[in-house]
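Each structure below is given as structure tokens.
First chain A sits with chain B, and in the next complex the same chain sits with chain C.
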Partner chain A sequence: MSSITLNRVTKRFDQFTALENLSLDILEGEFVALLGPSGCGKTTTMNMIAGLDEPSEGGIYFDGESLSGIPLQDRNIGFVFQNYAIFTHLSVYKNLAYGLEVRRLPKSEIERRVRAMADRMDLGKDLDRPATSLSVNELQKLAIGRSAVVEPRVFLLDEPLSSLDAGFRAYMRAELKVLQQEFGQTMIYVTHDQIEAMSLADKIAVIDKGRLMQYGSPLAVYDDPANRFVANFVGSPRINLVDGELRDEAGRRSLVLNGGGMIPLSGGVDADFARGAAVHGGSIGIRPQDIYFGDRRADDDIRLTGTVESLERVGPRRLAYIRMQEARFLAVDDRDELSVREEVAFHLVANKCMAFNLKTGERLRANS
Partner chain B sequence: MTDIISTRVADVSGDEAMDGKAPLRRGYWSAVARDGRRLGKWFVAPTVILLLFIVVFPLAMQLYLSFTWWTPLDGVRWYRAFESFNAGDNYARLAVDSALWSAIWRTLVIMVFAVPAQFLLGLGLAYLFVDQFPGRKFFYSVLLTPMMIVPAVVGLMFFLVFQGTGPFNHTFGLPASFTWLTDVHRAMLSVIIADTWQWTPLMFLILLSGMLAVPPDQLLAARLLGGSSWQNFRKIILPRMKPVIAIALVLRSVECFKIFDLNFVMTKGGPGVETETVSLYLYKKTFADLDWAYVGAIGLVILFVLSAIAASGLAFASKKAKG
Partner chain C sequence: MHAIEIKGAQKSFPGFTLGPLDLAVRRGEVFGIFGPPSAGKTSVLRLILGLLPQDKGAVLVGGADAASMEASERDMSMVFQNLALFPHMSGRENIVFPLVERNVPEDEIAVRLDAVSEVLHVSHILHKKPAQMSGGERQRIALGRALVVDSRAILLDEPISALDARLREEMRVELKRLQRTKNQTFVYVSHDEEEVMAISDRVAVMIDGQIAQIGEPDEIYNRPGTLGVAKVVGSPPMNLFEGRFSSDGRYFECEDFAVPYPLVREALKGKVATVGIRPEDIREDDAAASHEIALRSIEPLGGYTIVNAVLGHRLVKIRASGRVTSVDRYGRRVTFDPRHLHVFDGEGSRCDG
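Showing the complex of A and B:
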């Protein structure tokens, strides 16, 4: 087990900068998800930690010790591939034993450790079977077991669930969580699926276009996104983001929406925007569950009216798409009382509204 | 295979019938066109007929003649060779023909040295060519060139190279009296070197394709598990290449057994009979002695033995490929 530090890591491929000035501190035993859209640089990050690539600038450290110049076979990294990369010509036993055999451990020691790992992974009775005869479920466990048996300093998992279908993915997600707790290993998990990141990780590093957008606990990333990108990327159903021009008329601030209509600002969000007084373009983010219908619950909450465009049932609740001129809001209709094409009044919880600088995407906060 | 053809054919005729404009043709050929199996038979017919003439008929003729004393000097047509039927005496002769057996022995010597040399060189070269490097394509083409040259020309090249006053001796500062092609031991070595030069590229080509078929992510996984290049080569690459290796070795061994052009041009089988291989021996028997019936018998026995070797090698390869 090791802690990992990335210090101002930059990676360039010819003209293209895949990663810029990325700094991350991963503590011993932590489970960190690298989350971002495809092409954001998360796999590049992983490859550099594994040693498949060297950073163009900056350094990577295990327990404070620089990895630069250490070839990948000497880094002692457990790497679980997207397609598992099981040795298809070998038996389950030989797959598990590979890392130990190349370390020239005594046969009895190998046998003991392989059997222990196989039992832990529920592969105990499959040891003599060819690896190709395993199910996807078992292959996944074999891939993890093969890496775990050599007691690596850190585990890297490259989208290990992405080739599974939805139902099985949920099952394997739970399974992975159990394994991680059991191993107590430092793990880095690359994914573009925010649900996986949210449910598995201790910390999430959101990356976009080679830059670290935010690094924090799943809850922090969800509740308190550092910028518009993170707010938009994390959360399901997706956050509402409305963009417009900030206007200040006699001390009453409002956001004039780009497609017409305006949102009067009050409460927390007003204070947030007030701090970025020089900002002209603004963006309000509000999660669907922070929009409600019916009577106003707090004096600050922002009252708007719109037309119900469509309704979508998700389990016990319904999601309502509400149009206000060109702007569209997604809200949770938990009382089941809306109907399509109805004119409704709805409220945004002012203290839950997030204020962003439209140009830079940066979060505006009153108290920071 | 036939199923695919038949469904496709059925689709086509179905479409025609559907659109209503084209009248449904009747008659032998349209019936064939709709029946995949019959259509398939027509497709393979030309090949079958060709094979009948160039393989089956000569083989049958050879088998027939090998049981007679017939030679073209007899003045009787070959189909009347039964007049000198000898009930397998040629096969009995063959068993005690010491000239034949020593020719077989020399051919085996070439095989035993040349094929492993080609294999090891080809394997090493293939390993070099798995990774990208500048000029890879250029060196790849250069490496394949020897294989493209007509064997007789290769023989001529090495005939010149190994002259006493030739470039080889010159390069290594050896005296003109240090002969190759007329020396009892070095003549054989020259032939083996020439054969290796010419056929290492084929080994390289086959082995490289096998090596490139090893999934790169499995190799990467092996490296990440801490395996050194040699360990991963031995435990991941080589075992996965077994079928390809078997095919390459069988192919080259069988080919090597038929070696003719090289030593015919380089040494004419000499000095004495030091480099006389089975093919050269058969050539002499055919054209110097005109003993066609006997040559037929030898040819059939060798064909039988080589086929058995090739079949068992390929059976091994396909078993490995499945397992």
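Showing the complex of A and C:
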């Protein structure tokens, strides 16, 4: 187990800056997800921690000790990739024992640890089977078990669940979290899937275009996104972001939407925008579950009307796309009572609306 | 008249039989085909295209038997997962290629290109070559090429599964919008249940080469017709308990339950059965008929929380609305919403009381 520190790490490939000035503190035993879209620099970050690549600038430290110059095999890192690298010609037992044999552990110790891990991963009865006979799901369990059995200081996982089917993915998510709690290992998990990051990690580092956008606990990132990018990237169903021009007429502020329509501002979101008085372009973020239908529940809540454009079934809920001129709002149809093309009144919970500077993407807050 | 019909079509492969399949795609609908990998989904598209001749049965296109039709007469567009763009052509040239091939007039091409580019958000990359585009951009260009033609139907095979999760959510909404606006017929194949359910008007669930159920997404989600469908629809998946009904058919007995569970199924007296409950239909509750659980972990997802627990010997997933801040904050007993229990007999067929 180790703590990991990235101090102002920059990585350039020729003209292209893959990562810029990234600093992260990962505590011993923490589970950290690196989350971002394809090409954001998350895998580059992981490769540098692993020692597959060196930073152009800045340093990486394990327990305060610089890693530069320490070869990969001496860093004691466990890896799990999307394409599980399993020795298919070997038995399940041999696969699990491999890393321990390389380390020249006594035979009895190897046997004890292999059996314990096999039982832990539910592969106890498959030890003598050739790895080729395992299903895709079992192979991924074997890959994780094989890395975990050597008790690495740090465990790196690069999209380890993306080739699994949905049901097993949900199961493995829960399994990985329990495993990490049992092993107490520091884990770094790379993914573009915010649900995986939210459900697994103690902390999420949201990365976009090589820059760290926010670093915090899943619920902190969800409840209190630092900028428009994070708000948009984290949360399912996705947050509504409506963009427009801020207007102030005799002290009554509103957001005039691109393509027509207007949102009168009140309550918390009004105060937030008031704070950024010099800002012209604004963006309001509101999560679908913070929009409701029927009677207004609080004086500050913002009442709007629109047309139900479509309804879609997503898991246990129906989601409604509501069109207000050129703007669209996604809301949860929690009463299952809307119908397509219907005119509806809906309310935005004013204190749940987030204010962003449209130009910089920065979050605007009344009290900061 | 249906856009596409498949009647009793069957195709045998070594070790695998597709069908017999029966389905009818209505004009202007999104017909989804969902199933786990290797269920035969892509083979259905190949039947429709005529790339895979069936051993038995028939494929009808626009009401006429397609057996004697050339591929071009079937008038279908196709979007593959492995997008095949022409590398030497720009985005614009790739999109308009099928129109140029059909000698569509220039001004008409311009109008159609504009409409498609706007919906797919590709106006700014039309000048680029595929090599200069991101994966998502290439995929949108490939979609553009299929959508620009007014085909009888557009067949889409995992069209967005190579994209990032977030981009997929946006694209499926855009695709549906485009389909509605142009009133096109889509046959949409994906192994991603949420995606198919969200975009489709009706869905066929395929398992092991057979169609297990066809219905509207709500119906498939709320009333899966077979155990197989129940297993693959819903995320996290439905919790399933195997057991047996009492000899009077009034209780379900299962190793995982401390006491027999009161549930009436006359037809299943003394027979083996599986009872399913979706994660959102389990609630914290210490009523008399509740089940004791041992909590394992929580997954905070913002708007809701997944609670992982053990009931009897079985790992169960519970979807709690709102926040559960730590594993100690969830109850030690739960009940199942009796209105949303799913019962399947020994053969896996749904059995309602």
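Here, the second predicted complex is superposed on the first by the 363 of 368 C-alpha atoms of A that agree within 3 Å, B and C clash if a C-alpha of one lies under 4 Å from a C-alpha of the other, contacts with A are read in each partner's own complex, and residues count from 1 in each chain.
Heads up, the rule we're going with is that a contact is a pair of C-beta atoms (placed from the backbone, for glycine too) under 8 Å apart; a residue touches a chain by one contact, two chains touch by 3 or more.
Only a predicted model underlies this, so the values are computations on that prediction, with no experimental measurement involved.
Set against each other, chain B and chain C differ in how many residues of chain A they touch, and the higher count belongs to C.
Legend: residue contacts after superposition of the two complexes on their common chain; A:251 is shown touching neither chain B nor chain C. Residue contacts after overlaying the shared chain place A:64 against neither chain B nor chain C. When the two structures are aligned on the shared chain, A:146 is found in touch with chain B, with no touch to chain C. Within the superposed three-chain model, A:219 lies in touch with chain C and out of touch with chain B [touch as defined at top]. Contact with chain C, but none with chain B, is seen for A:310 once the two complexes are overlaid on the shared chain.
After overlaying the two complexes on the shared chain, residue contacts for A:166 are found with chain C alone; chain B is out of touch.
Once the two complexes are overlaid on the shared chain, A:106 sits clear of chain B and of chain C alike.
Remark: chain B residues 215, 217-218, 220-228, 231-232, 235-236, 239-240, 323 touch chain A in the complex.
On chain A, the positions that touch chain B within their shared complex are 50, 52, 72-79, 81, 83, 85-90, 98-99, 101-103, 130, 146-147, 150.
If you check the complex, the residues on chain A that touch chain C are 37-39, 165-167, 170-171, 173-174, 177-178, 181, 192-195, 198-200, 218-219, 222-223, 232-238, 287-289, 309-310, 312-316, 318-319, 321. Against chain A, the residues of chain C that register as touching in their complex are 36-37, 134-136, 164-167, 169-170, 173, 176-177, 180, 191-194, 197-199, 217-218, 221, 231-232, 234-237, 278, 280, 296-297, 299-303, 306, 308, 315, 317, 319, 323.
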